[in-house]
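Should a chain be cited, it is by its letter among A, B and C, assigned in written order, with residues numbered from 1 in that chain.
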């Protein structure tokens, strides 16, 4: 074992110094019937063997770089600056623990504080936590905050919200007194306003919307926060954070909580994780925030210092009455997002949003001209959109996959009524040639 | 001022006009089509991100990293946190583009290598823990506990019988245990520890009835003791129809030595970021796979990976599944690291890890027992707890000793936990530390014990060698400043007040 | 330590000052010392019905959260808003500016179960030292 330091001699002498004759004396509390279980594992590999194995397994995968991918639906292929990768790779960040000892963790603490600062700027809300597991769980916690804060029992969730998010919220609330009701969408895929008005009664704690929604449409939320607040309900919004470089922020829409997925902010797709749940809210809900918060203060000598704060909300202090049970979060992913946003800067965040918008809109224009495919050119989109195929999508997917193209995510998997429709995503990673190649391949279907 | 001591935020270093990342200039869609977006949908407020060049930013963050203690730079004997060395081949594996550039919704045929890793990792975890099936979705230990409580609820709901409303936890448990149970409306009941620091069987019996849903247990417990009555405990709870949940935070000393599944546990979570050597990342990401015995498999969150004739595939949820607890498939990057570790360990490495972890802890305990009071008697497992109560006369607290240790170049142990020990210092050396390091730490502890008597102020006001000293957490909590926006607002308010 | 004669006390270290059918509630000098620096107070809502010996408010320090129990049952008629901006009032003036809430008594007979200053003083003497 390359990671152990004790030599056989040292072990022997340490047993002697402890005052026992054999190791077994140290584990005498373990009932004999439990000891030495039969464990079937392959033999230990040397490092070159491990590297070889990993490479071999890697070769069994076809990545989004090997192929030309238009997959989105909650995980996005983006450019990640090399400097961001180097910063996150610093082992002083990576191999540190939670910053409970502030003197030994000013680096992590300041980075979290800067992450919180960047997220409040981006979302236009007051207070950001230090991170949550991912978009789905962060949104489930937001649902719990709304239910507890308003002391009401029902939650309305737009059906145009990511299906995994909806499922996670349902899992979190199953078996509790809380209920979830869904709001349908219209032909364009936007949430149904009349249904909202009809369902918004005195039992509704909050309403969850996504923009751009799961179908890629930027939702018009004009007047929604006023309507919800007049009813005593909270507005919870989940937005692709990169889209906020161009489109209205949760703060501008009057949302009470912005909670969602931060993966587009410099995290690779990594087959679904680790990602970054963001949670940003208003001053009024500050004490209900789940998870850690870094704050600015002074040290004993009057110097600027950072520390974890408002910890009395958390499980290690309040135990069964904590605002959430979360302990470990996704700190390193928050650091990645922090480095990414800092590298983009004030101008870059707007530019990258524009480029995403440009690539997706160009692709949609081109596909709209194909005879076997339909798109809704009137919807406002960010970097993905819905395509309806006149032929069975499974056949099209098969044909394109054979040419090394991942054409998009079949919507029928999540919405049985959307047969032969698929979600296509194009980000700044796509060149004009790549987009044209995709369109040509589709044209031949 | 030294650049490395500069404590300004990136925001405070910003200069209008500076840029770091360069992005493609060309636009493909028609020139003015951005104008086709209705104004009502467009962002009206500016985004106050800082403006800096790439070298400015790199220096900013690298200097921040140098203000951290970390496993790669320091000994980190944090009890119950298992701060072992994070092998670099794990990092190498997780960074391969063949894994990082996989989209989670790719078809099974294109991700066979990836699915094989998840399958084999699950197989390994099953063998090591003695459980029958795992979900890899949970993102951390507490998330695993949450999933576990959902499984408990779903299982009892499916089996009818009396309403089970109580979850039992020992008074020495981690805070996440009661917090997780309470999230689902369970009434949390604390079971007392006996004078040896283990579950008090008599107290347990008093609380066992038809309302018990589950007992949550860490074994070895947070005092570093193996619950020697474990077989009787699990039998008693089962007799009353309750389930047993194993908090895997302290699994590190049991690899190849004993298995929670054999002890009678029904549900367990494993912290890959502890026992399986993946880095803590300054607080995360971790991974908290949840394993169950056969009778609970139908309730697991889905999808799960299956091995079929055509290769590996995602199988859809069973109809009794509690449903998904997370987006996509969990913290896959962490799983790849754990997989590489598992392959390095192999069958013969398991026991070596746990033996060295136990040996290191007992050695330190033995060397320190004459200077500090050890909270328990006899040998410990992978960690032990010292009590500083004997130094009460000098007014020195466990937290002060932790701070003073920082001056000696050691991270503080876990302080003031478990709650059952007054003035607790909980020490877990892990198996990857060399004897020389342990000896240096022991020397430092003895030196601090001397200082407490000769110069208690030095200990009470430590640390003396770090960038900051004792940040005022009372001020931070009374007047929360949680972002640069808050700072700016605060400044404006102060200026107004002055005017 | 100061335990005013005109107040009644609970085992859980709350004081109550009764005036007719109304009463003011806070924590004792002993409790504020144990809690140390108060950083936040979660006040009860107006009109909230509280029961004797059940949680009515929470006082937080940086290291712990303490439940404040209602000494007697009743309906909350007022809460000390000054604590929102200045929670330290509980440390500085536990019996005056640091009061926490006011309630309308629903079962005045419960007052008989509370301790006098002398009884409370004795109870505190016997409490284990931390």
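The definition used in the following text is that a contact is a pair of C-beta atoms (placed from the backbone, for glycine too) under 8 Å apart; a residue touches a chain by one contact, two chains touch by 3 or more.
Remember, it's a predicted structure, so these values are computed and weren't measured experimentally.
When chain centres are set by their Cα atoms, the one at the greatest distance from chain B is C.
The innermost chain, defined by the distance from its C-alpha mean to the mean of all protein C-alpha atoms, is B.
When the interfaces A-B and A-C are ranked by C-beta pairs in contact, the top one is A-B.
Annotation: 37 Å between the Cα-based centres of chain B and chain C. Chain A and chain B, compared by their mean Cα positions, are separated by 19 Å. Remark: chain A and chain C have CA centroids separated by 44 Å (rounded to whole angstrom). Among all residues of chain C, those that touch two or more other chains are 39-40, 60-63. Across the assembly, chain A contributes residues 310-312, 317-318, 321 that each touch 2 or more other chains. Residue positions 473, 477 of chain B are each in touch with at least two other chains.
Touching chain C in their complex are the following residues of chain A: 287, 310-312, 317-318, 321. Per the touch definition, chain C reaches chain A in the complex via residues 39-40, 42, 60-65. Residues 416, 422, 473-474, 477-478 of chain B are the ones touching chain C in the complex.
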